[in-house]
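In the two complexes below, chain A is the common chain; its partner is chain B in one and chain C in the other.
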Partner chain A sequence: MTTASATQVCFEDITEGMEIPAKSFGPVESTDLVRFCSAWETYSLLHTYQKFCLEQGHRDVVINGPFKQAVIINWLDNWAGDDGFLKSMSIQHRVFDFHDDVFTATGVVTKTYEVDGFGYVNIDLKLTNQRGEVSCPGIATVVLPKRGGPPAPVEYAPPAEYVELLQKLASGAERIADLKDGQGIGEFIPEKARNTIGMRGYANEWPEPLDRATIRRFADATFEWKRAYRDEEFAKSRYGALISPPLTVLRVPINEWGMMGESAVPHIELAGRSRGGGNAGQDAEWFKPVKLGDTITQVAYLADLVERTGRSGPMVIVYGETVYINQHGELVAKTRQGTLRQLSAE
Partner chain B sequence: MTEQVYFEDVKEGLEIPPFERGVVQMRDVIRFDAAVENYERLHQDYKWCLENGYPDVIFNGPIKNACLATMLTNWIGDGGWLKKLGCQHRGMDLPGNTLTATGVVTKTYEQDGMGFVDLDVKVTNQLGEVTCPGTATVILPKRDGVPVPTVFPVPAGASA
Partner chain C sequence: MTTENKDEPRTYVTEEVKAQIGKEGPPSTWPEGLERSTLRRYVNATEDQNPLYRDEEHAKNSRYGGLIAPPFWLASHPLATGQRVTEVLHMRREDGPLPGSTPRVQIEGLNRGVNGGSEIEWFRPVYLDDLLTYKSRIGRFEERMGRNGPMVISYTETEFRNQRGELVAIMTGSGIRMT
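Now for the complex of A and B:
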């Protein structure tokens, strides 16, 4: 196994309170959005067609949440270097961003600690647009090598609570998690919807194994030049195969799930009138890279329904949890996706 | 799969089954751009198109080539071979346009024991504008004949 290169950031270089070097993306052009939609395989007019967006009252094409997730991942993953590993990232989507916007990703180290001889770094992060609005606040954990030590592991065992979740999902049971006291209580959440919390959603298997073209297109779409995604010889030596950027595994298969996450969970009827919706954010955790030839099966359940009153009025946040399993039955990633449903009483 | 059409069934003047592509929305244009990895503004950036004097996003031409090819390969079936397809892009199509591909046989002839069929083909939009006229040559199997080959020698003089 190769050891860290001279330019590799090492755990010893990191102190709490330290700023991660900022990185800017953009102006985000329509071609960037189309390229991303192509890699992500969603072709929503909201993220591609200005005419439609203007008709809907937006000032321009709306940048999709996963695009912002992708640039944050690009920034952290490249900072972690060839020998680091992006372990987890949680972000929220707070504002709309538009065609021609410029993003800057910034972060501060909040905690450093060691696990099994490797350096763990917790980061508070944000993605800010040129208007100074924080589009995505979030947190992340990156694993770094220690100076002179081996690269960060590329495979992580799932924690005990996920093992249980995986067993439940594999068992075929309809109820994946118990409904807890106080969960899903709200004016807009009927009893039937509340009782759906914890129930299994749809499983979806990728229609074909991950191929080189898809990896290249994903790397192109996410401005990614890291060797692991471009240089097959290097990737083979480190991972056993060419790998794809971390967001790839979270890709939504077209024509199966609609808005990220929510339509993977069982259908729920909320009370009141719909005023719209959106992507609230996603917590993602990775256990291994997705590799050339992998076929991922995604299985989801409805994890929670949370009623809140936002700036624009009442809303219910629908939380779906999804596990991403490869063809060997191994957990590759797990996410918790929030989808906003804005409501009114009549 | 539809029944195989044979060379003996085809006469000059025959209209082949049209391919109704239907209404092509922006979503379809983007999906096509993605499939062919064409990221030109003309085919996806509405604002840029307006600024440059176009009325809307313009379809990329190969969407129409693809309509013609789909019509022909649907017609010739598993046993036929699309040998040549040439077309011109004569007009712009915009999101919301309805495209229909049609074709008529202009000549049938035998060559090297195979059945060749020449056609006039075109894509017409809902305004009646022929935005993509062209010509094609297909090879059809003959009844009780040998299968149509799928590999053809490069003619003398053609550059590789």
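Now for the complex of A and C:
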């Protein structure tokens, strides 16, 4: 293993309260959106068709949530450098952003600590648009090497609770978690939906093993220049094979026809009339990179239903937890994502 | 300095323009061989249900012995790998270096261009993992009077070869240049 290079940011460079160098991206143009939608394989009209968006009352084409995640991941992952590792990131989607918007990612170090001789850095982050609105507040943890020491590991043992979750989901059991008292109570949450909390969803497998074209599409769509995703020689020496950017593993389930597959999270019927919805955000943790030739299966369960009254009226946030497993049965990533369902009594 | 009347007939295919015939662009190779994800995306985008392009078992038992690409797939060379697409499009507008290998046709006075269509001749299929390289050259010019004034059709010949050097296809594309 090579030691950290001179340009590599090291744990010794970091102090609590310091700012991570900010990065701007944009204006986001239609070609950026098209290329991202193509890599991510989403065909939602909300992210592709201006006429539809105008009819929905938006001022222009709406930028996908994962696109904003990509901008943040790109910023942190490149700051962490060849020898760092983006361990986890949790972000919320707060406002709509549109075609032509400009984003700036900023972050402040909140905590530094050591685990097994490597530096862990917790960061409070923000993605802000040119109107000054915070599109995505969030937190992240990045692992950095110590100066002169070996690079941060690229493989991490998942915590015991995730191993247990993985085993339950892999066992085929229908109930993954118990329904707790007081959970899923609300005017818009019928008994049947409440009883679905804790139940497993569907398993989705990638339509083909990760190939070079998919890595290239993701790297291009997410503006990635790290050698690990572009330089096969370097990637082989470090990871044993070319790897794909962190966002790749989180892509939506797609079937062989290229259509959105059935959501991995079980579908539930809510009461009242739907007034729309959206992506509320995602907590993601990575345990190892996805390598050339890997096939990922994602399995999810319905983790929670939370009813709230927002600025625009009542809503239910549907929380799903998903594990991403490679062909060796290893946990590659784990997420918890929220989907907003806005409702009205009639 | 030209003193001729704007309405007077003139030829746009001057000796300088004719001198461009045969001009070749540099060869350009795909970033990777034909892979399953590329094939899946292409057949989905073109709504092509032929099992030769989708069903590995079916393709194995066919006379091709494996998955192949639909005929027109080879015209889909990726643009702007590793760059923002808009930057590459801007480079095109600014007359800078072209990312692809198509030589630029220069015709004084005719600055607008549209795609006039293409003609393709196929010699063999593109198999899974085949890595294509293409090379283009300026073929010939045709001058015509269109509804909206004079136009010149420029023909560009592009040759596609696989990693074994075998000829896969020749595509003749026509570009219509107008005032």
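Operating definition for what follows: the second predicted complex is superposed on the first by the 338 of 346 C-alpha atoms of A that agree within 3 Å, B and C clash if a C-alpha of one lies under 4 Å from a C-alpha of the other, contacts with A are read in each partner's own complex, and residues count from 1 in each chain.
To be clear about the criterion, a residue touches a chain if its C-beta (ideal position, glycine included) is under 8 Å from a C-beta of that chain, and two chains touch if they have at least 3 such contacts.
All values reported here derive from a predicted model rather than from experimental measurement.
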First (chain B), second (chain C), both or neither touched by A:E307: neither
First, second, both or neither for A:E330, with chain B first and chain C second: neither
First (chain B), second (chain C), both or neither touched by A:K51: first
Chain B versus chain C as contact partner of A:D60, first or second or both or neither: first
Which of chain B and chain C A:D124 touches, first, second, both or neither: neither
Touching partner for A:D231 - first (chain B), second (chain C), both, neither: neither
First, second, both or neither for A:R35, with chain B first and chain C second: both
Which of chain B and chain C A:H99 touches, first, second, both or neither: first
Superposed model, chain A: greater residue contact from chain B or chain C: C
First (chain B), second (chain C), both or neither touched by A:F223: second
Intersection of chain A interface sets (partners chain B, chain C): 29, 31, 35, 38, 217
Chain A-facing residues of chain C, complex: 31-33, 35-38, 40-41, 44-45, 54, 78, 80-82, 84-86, 89
Touching residues (chain side chain A, partner chain B) in the complex: 29-31, 34-35, 37-38, 43-45, 48-52, 60, 99, 217
Touching residues (chain side chain A, partner chain C) in the complex: 29, 31-32, 35, 38, 41, 207-209, 211-214, 216-217, 219-220, 223, 225, 230, 256-258
Touching residues (chain side chain B, partner chain A) in the complex: 26-27, 30-31, 33-34, 37, 39-41, 44-48, 56-57, 95
